[in-house]
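In the two assemblies presented below, chain A is common to both, partnered first by chain B and then by chain C.
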Partner chain A sequence: MELAPYLILGCIEGLVTAAVLALMAVGLSLVFGVMRVVNVAHGEFFMLGAVLAWFVADQLGGHPAIAFLAALIIAPLLVGTLAMLADMTILKRISYDPERTIVATIGLLYIIQQLTLMTYGSNARPVEPPFNQRIAIPWFEWTDGGLSLYWPWGLGTTSYKLAVIGFAIILLLGIWVLMTRTRIGLIMRATQLDRDVAQAYGINVDRVYAMVFGLGAGLAALAAVLIVPIQQAHYLMGHDPLLLSFIVVIIGGLGSLVGTVIAAVMIGLSDGLISVFFTPTLAKIIATLMVTFVLIFRPSGLMGSK
Partner chain B sequence: MMMSDSKKSVVFHLGFLALLFLLQFILPAYHHGNLARIMVLATYAMGYNILFGYTGLLSLGHAMFFAAGMYGMGLTMTHLGWTAGPGMLAGLLAGGLVSAGIGFLALRTSGVSFMIVTLMFAQAGFLTILYFGEWTRGDEGFVIRQADRVFAGIDLSHPTYRYLAALLLFGICLMLTIRLMQSRFGHVLIAIRENEERTQMLGYDVHFHKWMAVIASGTMAAVAGAAYALLFGYAGATFASVQYSIFPLLWVLLGGAGTALGPFIGTLFMFYLIDLSSSLTTAYMLIAGVALVLLTLFLPQGLVGEWRRKMMPWLT
Partner chain C sequence: MLEMRSVSSGYDGARVLQEVSLSLSAGEIVCILGRNGAGKTTMMKTIMGLIRADSGQILYHGTDLLDVPPHQIAGLGIGYIPQGRRLFSELTVAENLEIGLMAGGKGNATRDKVLGMFPRLAERLHQRANTLSGGEQQMLATGRALCLEPQMLLLDEPTEGLQPSMIALIRDTVVALKETGVGILLVEQRVDAVLSIADKVMFLENGKSQDIMPASTLRENPDLLKKYIGV
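And now, the complex of A and B:
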């Protein structure tokens, strides 16, 4: 058996994981960077995005591509709005105290998760991908006539998975432009650097916080809409991505967006490659232990400031 | 007669333990069983409180310590044929070792990172239990045979002895916590919670004290885990899941962080709240979620914390 085609397959699967993880973790990192709070309910915003995507696609019917496109716009908007409401009614009232925010968002986690269980139920439901051509992975072999291509039996990926990777890259570039090249990004960075001075210069900090919290949740929901045609929507699906995003955010350095993306690619790729050879449980254990080593040698993460 | 504040506090808590002793004679069987369970879980919460309430370190990975005790005892009893006494000791040692190791690594970080790191370690622990399903039986768990649940000739599966054993464990840990917090060591922990930099400036070894707090906290949680498996005869991976790391946080917050009796009061309230709501809906964790949000908004001191503020400022 040739090993290389399996490695390519592992890389593609890993990059899909990395793409979704990067979007989600950037949302978490943004919230931490600007607001200095950890949103433990982030995984539930992800789950809610997937469930809403199913709901929108199910209500609309019609061609899968149209239903999917509608879900891609509606689900993140709804989730973002919900998060803004949570920010204004709960987090603002406890003045973003770091520990109380963690406790409050744990509460929010269970509220969202259990309400979904009560309404959507405990079934896993799929969303049809907008397009889904099979692409076989080619590999070469030496024959009498020289080098020739062949397709190892059963190994392949789909056009949709490749599109997820591409779309995530575009979105991440978009966020980078938003943060570094626009006025809104400037305001967010100013608030991040010094909340009080920003307020003194007339920035409405409350509004910035609500917006950042909504944007972070919206990114998680967007990541979920992208993954839901590959992985079904389920009320407990937010749990593993939340832990993985935590790992990514810590390895990348809390609050550093570039570090977050680098770490997401590292974790996603290693997860994909390890999963080719070992069981998913072992893959997760290995990912967690990798974090231990990063922490031993660099307690503030790869790109974190001291 | 005037008593010092610390003596008043000791007398008050001893009186409370006497009340728990007397309650067993009047409680109906169902609540009698529940109270035994609550006392063991409250011991777990008291362990959590040492780190969270008194030292000010928020851990989201205590299920790992609870499970270390539970499996340290359960596995040695099931696979090595140890009896209850050595089994409990194995649970205690497992808890001590795991908390020393995890504490050493996790304390390299602080604040928010500490919380995330403990959460991840606990998740790795949970997955490890699932991975070695051959011995741990994974999610399904395993039963500790009734014949093995005997300590010094006393059958701990019998409700009366079970209640007394739970009360003994709870009482010892409660009084230990109070002694600890009235000692120099405890005062340093509280000083770290109040102002870490200043404590460091005053010449205390902050890092060492925090490490000791993690070990004390983790070991108490582990003893509770071992006792839970011994008294109720079951060990399963659920007890190592994230949910069981969140529970002690919830109990301690509800009862009052940094109060000796808070963990018990919080556990008692939440146990009955979930008991009542799970008869109404399968989504009983909704109650826990709503409780957490309401607590942070309206009752940040917890029940005993409010009580202390208003009536008994001398309470430990």
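And now, the complex of A and C:
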């Protein structure tokens, strides 16, 4: 077996995982960075995004591209709005106390999960991708006639997977621009750095918190809409992404968006490569070991401040 | 005019400030003196709404600030320079000033005026606040507050950790602001730095206001300082 083509395949699969993971983890990191809230319900916002994507696509019918596009807009907006309501009715009332918000978001996790089970059911349901052409991955070999290309059997990806990677990159750049080049980004960063002084300088911190919690959940939902044509929507699908997002956020450095993206690429690539050559379970074990080493040798993460 | 009437406040049930009353008029400098832990910073935070008062009134042009959400107080024209400067450390000089401009609804003309007062900030506009020297950080903290074009300014230990030339600059700035009609409430440990410019002095001890007197009385009777704060 030639190693290199499978390495490319592993990298592509890993980059798809990294793309989705980066979006989700950036949402988690944003919420922790600005609000100091460890959102244990983040995985359920992801799951809800996938389930709503199925619901929207199912209700609209018609061409898959139109249904998918509608889901891509509607699901994150609905999930973001729900998260904002949760912030205003639950987290604000407990004054964003770190311990109590963990308990509150655990409660939120079970409420969302069980309500989804009661209404959506336990079946996994697919959403049709907007496009899905198979793209064979070529490799080269030396023959008597010199260097020539060939297509190893079974080695390929899809146009949709490549589009997920591209779309995630565009979205992440958009978030970077939002945070560093816009007035609302400046307000969020100021709130993150000093909540009290931000208030003394006219920033409505309650509104910023609601917006950040909504944005974080919306990003998780967006990640789910992107992945649901590849995986399927299921009421328990939030667990693994939540665990991986925490791993990514800890490795990247709590609250550091750049660190989070770097860590997502590391974890995604290692997941893709190890899954291709060994098993997905081993990939999860190695990711967990990585976070253990980071906690021991660099507790602030790759880019986190001490 | 800013007027505190029998204001009490504190943290998590522990009362720090006890029935403190004070008035501050336009163009007046009132200095709060007291030992560490006397409640000076708590008083500033209470005025800004960062600590909720348990009782009393804080009237500003007839509005009770205790009924105003904290984020709307700056918009009324009250600037705050906290103890230790508390700049947005990872934001640039320009971004720190921008926050002040946003709070006051002011534009580039105000920013240019502030940069005219502190030309060194203009040279460091794109530098992060946490890379500035102590003196420059104090200039930025002052500049950020002045971007509001405040009518009242609360300064909490502005000379802390500064070299003499910088203390003189801050003192000159405070005097210049007073001359434009800004009312200034000044908390300061360095009595020598403020006694010459203050109009009134209030002594705080264990959260209670002891006495309020004209600064000239203290200048003429330095022994009084020993009585109140042991200096």
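Note that in this section the second predicted complex is superposed on the first by the 306 of 306 C-alpha atoms of A that agree within 3 Å, B and C clash if a C-alpha of one lies under 4 Å from a C-alpha of the other, contacts with A are read in each partner's own complex, and residues count from 1 in each chain.
FYI, contacts are C-beta pairs under 8 Å (C-beta built on N, C-alpha and C of every residue); 3 or more make two chains touch, one makes a residue touch a chain.
These figures come from a predicted structure and were not determined experimentally.
**Student:** Now for A:L289: first (chain B), second (chain C), both, or neither, which partner does it touch?
**Tutor:** Only chain B is touched by A:L289; chain C is not.
**Student:** For A:A57, is the partner it touches chain B (first), chain C (second), both, or none of the two (neither)?
**Tutor:** neither
**Student:** If you stack the two complexes on chain A, which partner ends up touching A:L15: first (chain B), second (chain C), both, or neither?
**Tutor:** neither
**Student:** Let me test your reading of the model: by the given contact rule, A:I90 touches which partner, first (chain B), second (chain C), both or neither?
**Tutor:** A:I90: touches chain B, not chain C.
**Student:** Which chain, chain B or chain C, is in touch with more residues of chain A?
**Tutor:** The larger set of chain A residues in touch belongs to B.
**Student:** Once the shared chain is lined up, is A:V103 touching chain B (first), chain C (second), both, or neither of them?
**Tutor:** Only chain B is touched by A:V103; chain C is not.
**Student:** Check whether A:R189 is in contact with chain B, with chain C, with both or with neither, and answer first, second, both or neither.
**Tutor:** A:R189 contacts chain C only, not chain B.
**Student:** Which holds for A:A200: it touches chain B only (first), chain C only (second), both, or neither?
**Tutor:** Only chain C; A:A200 stays clear of chain B.
**Student:** Once the shared chain is lined up, is A:L117 touching chain B (first), chain C (second), both, or neither of them?
**Tutor:** First partner only, chain B.
**Student:** Share the list of chain A residues that count as touching for chain B in one structure and for chain C in the other.
**Tutor:** none
**Student:** Using the touch definition up top, name the residues of chain C that touch chain A in the complex.
**Tutor:** Chain C residues touching chain A: 45, 48-50, 69-75, 80, 82, 86, 88-91, 95, 98-100, 102-104, 144, 148.
**Student:** Under the definition above, what is the set of chain A residues touching chain C in their complex?
**Tutor:** 183, 186-187, 189-190, 193-194, 196-205
**Student:** Which stretch or stretches of chain B touch chain A in the complex?
**Tutor:** 58, 105, 108-109, 111-113, 115-117, 119-121, 123-124, 127-128, 130-131, 242, 246, 249, 253, 281-286, 288-297, 300
**Student:** How about chain A: which of its residues touch chain B in the complex?
**Tutor:** The touching residues are 32, 38, 90, 93-94, 98-100, 102-104, 106-111, 113-115, 117-118, 239, 243, 246-247, 249-250, 254, 279, 281-282, 284-285, 288-289, 291-292, 295-296, 299.
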